[in-house]
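Both of the next two complexes hold chain A, though its partner changes from chain B to chain C.
Coming up: the complex of A and B.
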């Protein structure tokens, strides 16, 4: 009797809500993949096909080679990876300083970091454009890397400071008593414990750069330098939309994010929970 | 201690080397983004000009590439660098480029942008080039006149290479099946919407564009209904004329009753998809969407008809419904840029472009082409444009905030009327006030 009740409880509190939520989040992805696998004529045909009757990969081939998704993909990867590396280095070090040291104006500094997040991105477009034009960096990946880094560092620094505060200072001190330098203690003791936080921050930054559209469009004047979101949106014309290629492009753009999450999932949960035990 | 410090230094060194290498890795070919900087004194010197396409899509890009290839073959010393700009963000991209003075040499620009861009001195006047070109007698004179009229100094800043006309696409097979007459007047139009609605079978008579771009659709229908000018003789805007109030009340009251519920957020894509997937019998768009319909509907099951006539039997069309080639002031190769603009407007290029995009050529030489004769939608457009009775009204494109009034006030206003939060009269009054205020500011600035 008891176990039956428990089963019903589990069904009501776990499986049904979970199933509903899953179908809610997975349906758009299923529909995108479904559309990407249909030949063009079938996409808008009625009755709707819930599974492609003539599955084809032509949309993927078209998006990858004809539209230039191979290039967009490469550009997005370069910008994403470079940004993540710089952001991680800067935010780990500054986060460490913020959580471990007390200095004059620390609160004011934290407040300033937060304030930078209130500036709408659209406001920065023209000033940024002029700055990068004067630097000769328009259409150069560096312009995006610099901008994304600057936009991300304040938030990731605060995030990192939180993670580092969770690592007990005593561990470091113990390591230093055993003969480590400050940096060695950081590297051998704090760093491994901080891994979940670093992964979370890295994934967060990467997803931002991967999806960012506005700045990428504005700071790039050459097609060969477009990133994925810009490439995707250039497939939606005023008068015609190639749904198949658009869906295929979206699936291609999804892949790295999915792989990244699959790999980082464990760390992510730890990281966000901040569950670093001393 | 010393050792440790050495390690510390080497770590920093390693960091900088790694990040340096990574940055260098991003540092591919380093060519300048826009026009090459060499001077243009010698016309034989190879030059590169940039061209921005303001309405990129997988169907249009190959056409531009073909035209550019033909141009480069004919002018081996000029290289054209083609850049696609997604339609939705095209205006802001141009805005940023103009603000930073980093514009392309040549660009495709919509007529509505010409007044603002010329006030901002971003565009080069083309009058001299045009007058000296063989295009002078070939490009549709009224379109050229229109472009001059809307700029504050009366100069020609863009050559229209494709025109468009708002029409109604209808499912001829459904109309035949139901025995309903194709609407020619507004009364017939409203009757057809009612009769073609069959909710049990998931069919609606019409679809209203309630989302982005809905303002354009509504404005064109309102003036087609009333046959009024945009401004009355006393200089007052006619937007909130009682005829328009009457029309908007009736038209938007059809929402949900005879049109799909999702109409309230309908943009172009959703609206056209509704027609192409067989949900609605009629959709108001323009001849440009022919290619989309052809992809999903069978030949002979759809066609286009002009917007209904006014009570006194006249067609009304909005002037300036065209895309133009414009040369930007910042170009260092004005001659090469003009050559490209001229080439895009040649009969050959216009024919290729307009046949594939389903738009109306402005070069009269193209009109004799076989495809023009065989294309029902193009013929309808000609019928309207060539009818001496057709009334062209002129919206005030020259008002710098004309477009933002439509996007930020009228689009949401339509949704409010559709959802019953606002009356048609209040909505049109607000719209009229915004246009009037903007016009007053403009007139003061230019001492009109």
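Coming up: the complex of A and C.
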């Protein structure tokens, strides 16, 4: 009797609500994949098919080569990888300074980083457009790389400082007593222990650049330079929307972000949770 | 510095000088380390923000640069006296932020409490529940626009099968449903952020507190109110504040799902600014609106932190 009550209790307080929330989370993704796999005629046909009866990859082929998702994908990849590299170098350095040194102006710098978190992103679209127009960099990947780097560095610095603080300082000092130089100690002792944090920070940055829309829209006006979000958005705005190709394009855009997220999920979640907790 | 302690007291002057130089150099290291980040933040975050204030006092139109001139407070006067979009869009912003942050907090809390229990495949459930966090606003817009669609939408199909509606509805094109539809889509994307931060805090609550509550005969609800919530207070305050700022400025879904329509029923203040910036050319006026919205957020942030008595442990 007791155990039966417990089972019902568990069902009501865990499995049913969790099942509902997970279906809410996963259904839109399922539906997009489902739509992407249907031939064009089936998408608008009633009754709706909850499973594609004639699954096909023609939408993917069409989106990739005819609509230009190959180009959007490449553009997003270039911007993402370059931003990640610059952000990682800068934020590892500044995170190390924050976590290991006491220096005049440290508090001021920390305050500066925190303040940036309250700057409305939408506030930047007009001035950045003017700046990059004057530099002649509108529609150039550099404008997005620089902008994304600037937007991401404050938070990733806080993240990296947290990860570096988790590596005991004594390990580093012990290596130096054993005759390592500072750089050697960093390379052979600190760096390997820091790797999960670096990966998490890199993934976090990449997902941001992969997904960012408004700045990319403002700073790009040639279709050949569109990133994935801008490409998807322009496709949505067309008069006759090709839903099959749109869904396929979405799945193409979805895959890298979700794979990276799944890969680094645990560290990412701990890092973000920790950073917000302060 | 551990190695400097090794120097004998009687070290010769020369060595002392070298040592001092080394210390001086050592002092510069942190500044060198933060320099790249500092310069990038200064040049491409703070400088642009600064120029917004400058442009807000100008007549600045990219399509008619010959008429650019100093405008004084004209732009601001126009916002508060002549702009018919300003007040309605501000009200929409308020509706948007309150409904988004409120609902995300409630559902994020429920999700975090669920995922904090022990059960089989918990890791997998967590990963699945957090996925929408990694999905872009545009992608979410595509997904939900297809589901809300009048002709092929699965939501219409389900509601009709359940007998709730008789005819398919164009949820995103009707003034009575558009706002709610976008709220649901954004909610889908926003819950994981709250769940992630709240879950991290939940895990740091010592188990002894719950055991003590149980010994005192507290029900599950009571131990949530008297143990969990107080322990989560600072996280909730900070997360909500960050989220208010974020949602106030977030236009990805509004821009792509409704474009601010129908009949401006989903035009928030930021959506209004984004529309002016992307489709218009009067950047002086857009900048003035930006300054106003920044001011509103700043006042809110200060009041919020004051009133909620946020304490750093």
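Assume the second predicted complex is superposed on the first by the 233 of 278 C-alpha atoms of A that agree within 3 Å, B and C clash if a C-alpha of one lies under 4 Å from a C-alpha of the other, contacts with A are read in each partner's own complex, and residues count from 1 in each chain.
Going forward, a residue touches a chain if its C-beta (ideal position, glycine included) is under 8 Å from a C-beta of that chain, and two chains touch if they have at least 3 such contacts.
If you're wondering where the values come from, they're calculated on a predicted model, not measured in any experiment.
Novice: With the two complexes overlaid on their shared chain, look at chain A and say whether chain B and chain C clash or fit.
Specialist: Clash: chain B and chain C overlap once superposed on chain A.
Novice: With both complexes superposed on chain A, which partner does A:7 reach: first (chain B), second (chain C), both or neither?
Specialist: A:7 sits against neither chain B nor chain C.
Novice: What is the contact status of A:169 with respect to chain B (first) and chain C (second): first, second, both, or neither?
Specialist: In the superposed model, A:169 contacts neither chain B nor chain C.
Novice: Please work out whether A:188 is in contact with chain B alone, chain C alone, both, or neither, and reply first, second, both or neither.
Specialist: neither
Novice: Which holds for A:145: it touches chain B only (first), chain C only (second), both, or neither?
Specialist: In the superposed model, A:145 contacts chain B only, not chain C.
Novice: Considering only touches as defined above, state whether A:82 meets chain B (first), chain C (second), both or neither.
Specialist: After superposition on chain A, A:82 lies in contact with chain B alone.
Novice: Pick one for A:253: touches chain B only (first), chain C only (second), both, or neither.
Specialist: A:253: touches chain C, not chain B.
Novice: Does chain B (first) or chain C (second) touch A:262, or do both, or does neither?
Specialist: A:262 sits against chain C, while chain B stays out of touch.
Novice: Of chain B and chain C, which one touches more residues of chain A?
Specialist: Between chain B and chain C, C touches the greater number of residues in chain A.
Novice: Touching A:26, do we find chain B (first), chain C (second), both, or neither?
Specialist: The second partner, chain C, only.
Novice: Once chain A of both complexes is superposed, is A:109 in touch with chain B (first), chain C (second), both, or neither?
Specialist: second
Novice: Looking at chain B, which part out of 92-100, 182-190 or 344-352 clashes with chain C after superposition?
Specialist: Clashing stretch: 92-100.
Novice: Which chain A residues come up in both lists, the one for chain B and the one for chain C?
Specialist: 43-44, 46, 89, 125-126, 129-130, 214, 217-218, 230, 233, 236
Novice: Hey, which residues of chain A end up touching chain B in the complex?
Specialist: Residue positions touching the partner: 40-41, 43-46, 62, 66-67, 78-79, 81-82, 85-86, 89, 125-126, 129-130, 133, 136, 138-142, 145, 181, 183-184, 187, 214, 217-218, 221-223, 230, 233-242, 245.
Novice: Could you pull out which chain A residues touch chain C in their complex?
Specialist: Per the touch definition, chain A meets chain C at residues 14, 17-18, 21-22, 24-26, 28-29, 31-32, 35, 43-44, 46-48, 50, 89-91, 93-94, 96-98, 100-101, 103, 105-106, 109, 112-113, 116-131, 146-147, 149-151, 153-154, 157, 173, 176-177, 207, 210-214, 217-218, 228-230, 232-233, 236, 243, 246-247, 249-250, 253-254, 257-258, 260-262, 265-266, 269-270, 272-274, 276-278.
Novice: Hey, which residues of chain C end up touching chain A in the complex?
Specialist: My answer: residues 2-3, 27, 29-31, 33-34, 36-38, 40-41, 43-45, 47-49, 51-52, 55, 62, 107, 110-111, 114-115, 117, 119, 123, 125-147, 149, 151-152, 154, 157, 188, 191-192, 196-197, 199-201, 204, 234-235, 238-239, 242, 245, 248-249, 251-252, 255-256, 270, 273-274, 277-278, 283, 286-287, 290, 293-294, 297-298, 301, 312.
Novice: Along chain B, where are the residues that touch chain A in the complex?
Specialist: 4-5, 7-8, 11, 15, 18-19, 22-23, 25-28, 30, 32-34, 50, 55-61, 81-89, 92-93, 95-97, 99-100, 102, 104, 268-269, 273, 276-278, 288-289, 291-292, 295-296, 357-358
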